[in-house]
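The same chain A turns up in both complexes below, where it pairs with chain B and then with chain C.
Here is the complex of A and B:
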């Protein structure tokens, strides 16, 4: 019984049905944000130390993100937050009326950071809708490609985007008291990274000049070299097709990929060692840092990396092939697994546009899925994208992002969710390199120059900015070992003469065909929902990880993950005058999600009329 | 320009401009061009930004993805540059399509925002990205459109798009000239090969310091030396086309035109240059070209991976001629896979397989062939 808020119940045989006796089963409460704004306005007028802190743009994130907060600089407390996606391009609208074959290449362009993931997710959606099953080598090569994508993506975020916030250069400006302390703190992992003190590490995190910054840049290129050997180019790989890949897999391709992949073995040890040292230092120096960006571990993930002997693209079997993935799909509520089934993950999704620049849509065409599980009128298969640009107003509409929920709860997504779910659920396949203990993931990294080592990522007690980034660092060895495991499988397939990488398929000229693709981006959860009508795309809906994370408030006033994480963030920065305040803590909280805005806003969400019973606090303006 | 600057040169490598500011404005973009730039190796971004290319000015980059500052601290130099008050030379790099903001303004909003101004109530309202391009272009040393969205309109400008998206050239018009007298420079690609971006920037910087001639651009403002040739001409599979053999499905090793490759009519250098550090390249790995560098992308190439009609004529002609050529070549190759000694011995001593000795016809052909080959030059060992 995974749903607490949506009107979906299950009979004794586990079949879902719509709860009876509800006048409007999908009704929800609607909260007026105007009152909160009036209170804040009063506070801002009366108190000089309560200030609007606006970032437009939030930098060192991909894409267009702006963030508004009201901060009490005396009590060092954030009072109110608003997250704004500031770009709309209309990809979902552009996709309507096209040949389904175009979806992979058009939707790839939704995001230049993780275009390959969009292409793959589109391919999966088409495969489900049109019943196309890729051959084993196609599935395995896709896994390698998309594991390598993360090997470029995570170092980029850790060292180029988030990293500077922990560098000597920035910390000296915002928290000089930490510099002396860092100079005295011995680095625990010197044996893998070679740095004596935490300050030595922080100096090499300095933007553009630091050795760790520059090394990460060059490692992102090593990963991309491996990537383009399969994908052709990056971003926007050219070889991802429904039914597999358009790649000639020669021995040379696999050899060249391998010679690059192994460079990530030692790098995995180094990166995890670096960030363990830096984050442990911050958390031990001031335990208040544990509250930076804190929110409950309420997250969801699509899972990623299909098993060649399980994946058949079908909706009928998607719970089975989903749970067989190397990363387990599902939902965590406050750190507990509530489902690992793709059908339940899918049915629980809704999107709301009350505080976004879109109009509501009408209609509720798909009332249930193929198994009879009820679908809300706000479900992506029922949603339509109707942009309506408007004035930015905290009371009303303020973002091009929508507010997606699962079972009426805002959900967080991240690379780390992938690892968290998998470690906790313990459903992933037996592996030469990975072991899931229920409280941790153990990752055996083979020797390269450094000796073999088993790294262990433990599910943390508090879900905060530091733990997000730390987990992302551990996702590097996780992804590298999944790539390794699949590389070995690819070799086995080739030894057995199974060299097909794709299957041909036809676009049916008649009938309605629906599907969804579920695959993880560098930042986690990604779905594409597709309806093909008489051979043409009738509707296309994309929900990205940053759609979830950057969400504005739900109609019932619940904050999106960035908004909530920043609201909970204590102001630990040192400053003399309010004018000197830089907001490093807020920015650390936001950047820990690895925001990636380009593809956040092509979906569109829906309006309201539904019910939500949970009470939520939207704002801390009870103070004063 | 080059001459007058030449008088200022001192030392072995001239540096008239020590620093040039570069403002990166991402409008209706996916950030893919930024990502492509970060992947470049020849030169790399860290070379450009650290000023480690002798003779090229150090680039002070104002880029939202790489900036240390956020919010207004980041935007302030944009404001100065837009007013012509930066006090230093700058170029504007545009990524992403230009949305029709007048359309969004009809309902009081915007499509693409960067930075914010206060409205009459003192509330922040996003500033449309395109307004930065318009205002800054007036004072810019050069405006460089990066990627197919900025150069031609790209996917956001595809049929059915709700934003009326177009290119930087469409926004600024054909009469636009930067203060160096340049129209908009266009580096297309979705995303462009990263080195195409950094190399063009470096070429302009070297020109500014008088080291290099003004780079040549074609009639659409593309760096001529990068986009002169079709991608097919540099394709590792082009030889299969010549011999009339074609891939029938994804994964096959031959020429890809019959499974949807538009390479023979697309101007791009990715097969020659590789995608990253000389690795990859679409058709090299087996992926058909969908024309992402071209103004017609995406609509003129859709549906992707359907056989382009043009190939019906051209590939069938090449099937006919190619079959003849291929057979002749195979015969020559048979001869070339033999050493002089093996010819003399009449036997190939390979343990890997039995190599048949040429029959009389092949021997005659080889004799005739070599007669021609050495007709006016000595055959090795003739003395």
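Here is the complex of A and C:
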């Protein structure tokens, strides 16, 4: 019984049904946020140490994120938080009424990093809706393409976006007491990265000049080169289509990919060694750092990387092909696996707009899925995107992001969830390179210039900013080894003459066809829910990792993941006067999620279909 | 007469009418009979990738010209300004912001100029041919005001590819004041 809060129960044969006797089964409480704001207002007026701290924009994140917090600088405590997505994009609105074949190309533009992921997710949604099964080589090459995309994205996050938070320059400014200690602390993984002390590493994390920063930039090139061999271009691949890929794959192409992929073998060892050293140093220097960005490991992931012998795109079999993925789909509540079934994961999703700049939609068209599993009126297949710009108010509406929940719980998403879920569930099929122990994931990295090594990522005791970033580092070998395993499969397929990469299909001109695509980006999973009606897209809904992570409060007042993580973050920064306070701890907490706001919020067509207007409220001054 | 190795690059989002003057004119630029030492390229593929591309060039460019459309005050739609990039950098935080935007897919000639300057890829002569687009609009085509200026845009680009000192009047642009409001 995976649902505790939604009115869905299961009979003895495991068939889901809507609990009987409930007047309004999907009713939910709506809490007035005004009371909390009144209390804060009083505190702000009475206590000079309590300040509004606004980050607008939060820098070193992709896109427009603003963050409001109320901080007691005397007690070094965060009192209140609000996460604001400040842009509306409206891909859902743009896609309405179009040919489904446009979805992969248009939705790809939702992000400047993970365009390929959106394209793939759109292709999967169409495959499910229209019953299209790609050939094995198409599936395998799609896996390689997207694993390579992560090899671009993970170093980018670790060294360009979040990494500078742990650099010598920044730490010297915010926690100078750690500098001498870092100079004395020997790096444990010198054999793989070559740095003698933690301070040596931190110096090379310095933005713009540090060798690790510059090396990450050069590694993004290696990944891009491999990517375009399959995708044609980056970040918006031209070859991702429903039914496979529109590219000719030969042994020569695969060899070109391989020559780039192997560069990530040694780099994997280096990056995990570096971040283990840096994060162990922080956590050992001050155990309070374990509370930075802490929240329960309540997360979800749809899994990614399909097995060519399992994936048939159908909804009917999605639990089977989902569990066969190289990363296992599922939901974790406080670190425990609640489900690994894509149908349950799908049925538990709802989106709420009570604190967002959208109007509530009417209707409940799809009351259940194809298996009879009840669906809420707030489920993406039932949701409509109706933008309603308005005044920003902490009491009422303050974000262009919605509040997605699973079984009425705010959920976190991240590439790390992919690893956490897979390691914990132990359902992923046997692999040449990966072993899931229930408490860890062992990743066998073949030799390149460095000798072969088995890296082990262990499920941490506390889920915090440091562990999110550490897990992200381990996602580099994880992704590289999945790419390698698929590369071997692709070589076998070509050797056996199975060179077909796509299947033809037609868009039915009549009838209703629904599907969802579920795949992963560098920063977590995303879903595209699609309804095709009489040959055109009738409804399209996108949920991305940052939609979940940057969510505002639920209607019943629960905080979104950024909000909760920041609220739990102690202020460990050293400063003499409130004016000197930089807020590094809060920024570390937020950046550990790798916010990507371009995907989160869904350029708004105002008054006409043609005028693109940016409705941006980026200043929190004067907000209620 | 042309003896320099010159690159004309277009920078700008697609499908934003006048704001997309570079991408829209790219086919025309490619079709035009330039001297063989003039290369035409779309330069929307990310400042970091462009830095890496310049770093691997066996024969560096002597002059780089960008065709862009940036909204500026006190210009009429279709007005053309020619800027010469003088280099200089904003503060490190701003450079970092440019790198962050670049790495996450933002298309911006300002980011490109700053990042290129930071990584020292620019030749001595970098010019911007900047057409006033007016307010941002969605669409595939230029408005008549900009369409009427196409011959002049092409004439300016051609003049900038000529050998020797650039004699046309240019305004100056530099990184340390680029992001001032």
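Some notes on this structure:
We take it that the second predicted complex is superposed on the first by the 602 of 624 C-alpha atoms of A that agree within 3 Å, B and C clash if a C-alpha of one lies under 4 Å from a C-alpha of the other, contacts with A are read in each partner's own complex, and residues count from 1 in each chain.
Going forward, contacts are C-beta pairs under 8 Å (C-beta built on N, C-alpha and C of every residue); 3 or more make two chains touch, one makes a residue touch a chain.
The structure displayed is predicted, hence computed values, not measured ones.
After superposition on chain A, the partners chain B and chain C collide with one another.
After overlaying the two complexes on the shared chain, residue contacts for A:587 are found with chain B alone; chain C is out of touch.
Of the two partner chains placed by the overlay, only chain B lies in contact with A:68; chain C stays clear of it. Contacts of A:207 after superposition on the shared chain: both chain B and chain C are touched. Note on chain A: of its two partners chain C and chain B, the one contacting more of its residues is B. Of the two partner chains, neither chain B nor chain C is touched by A:380.
By the touch criterion defined above, A:477 lies against neither chain B nor chain C after alignment on the C-alpha atoms of chain A. Of the two partner chains placed by the overlay, chain B and chain C both lie in contact with A:220.
After overlaying the two complexes on the shared chain, residue contacts for A:161 are found with chain B and with chain C alike. With both structures placed on the common chain, the touch criterion links A:245 to chain B but leaves chain C unconnected. The interface of chain A with chain B overlaps its interface with chain C at residues 59-63, 111-113, 115, 156, 160-161, 164, 207-208, 217, 220-221, 224, 233-235, 596, 598. Put simply, chain C touches chain A in their complex at residues 16, 45, 48-49, 52, 92-93, 95-97, 99-100, 103-106, 118, 136-139. Against chain A, the residues of chain B that register as touching in their complex are 26, 28-36, 38-39, 41, 44-46, 49-50, 64-72, 74-75, 97, 99, 103-105, 107-116, 119, 123-126, 154-156, 158-163, 165, 190-191, 193, 249-253, 256, 259, 270, 274-277, 279-290, 292, 298, 302-306.
Remark: chain A residues 59-63, 111-113, 115, 156, 160-161, 164, 207-208, 217-218, 220-221, 224, 233-235, 596, 598, 603, 605, 610-612, 614 touch chain C in the complex. Only residues 54-64, 66, 68, 84, 86-91, 93-94, 96-99, 101-102, 104-106, 109-113, 115, 156, 160-161, 164, 169-170, 207-209, 214, 217, 220-221, 224-239, 241, 243-250, 253, 256, 357, 387-394, 499-502, 504, 583, 587, 596, 598-599 of chain A touch chain B when the two sit together in their complex.
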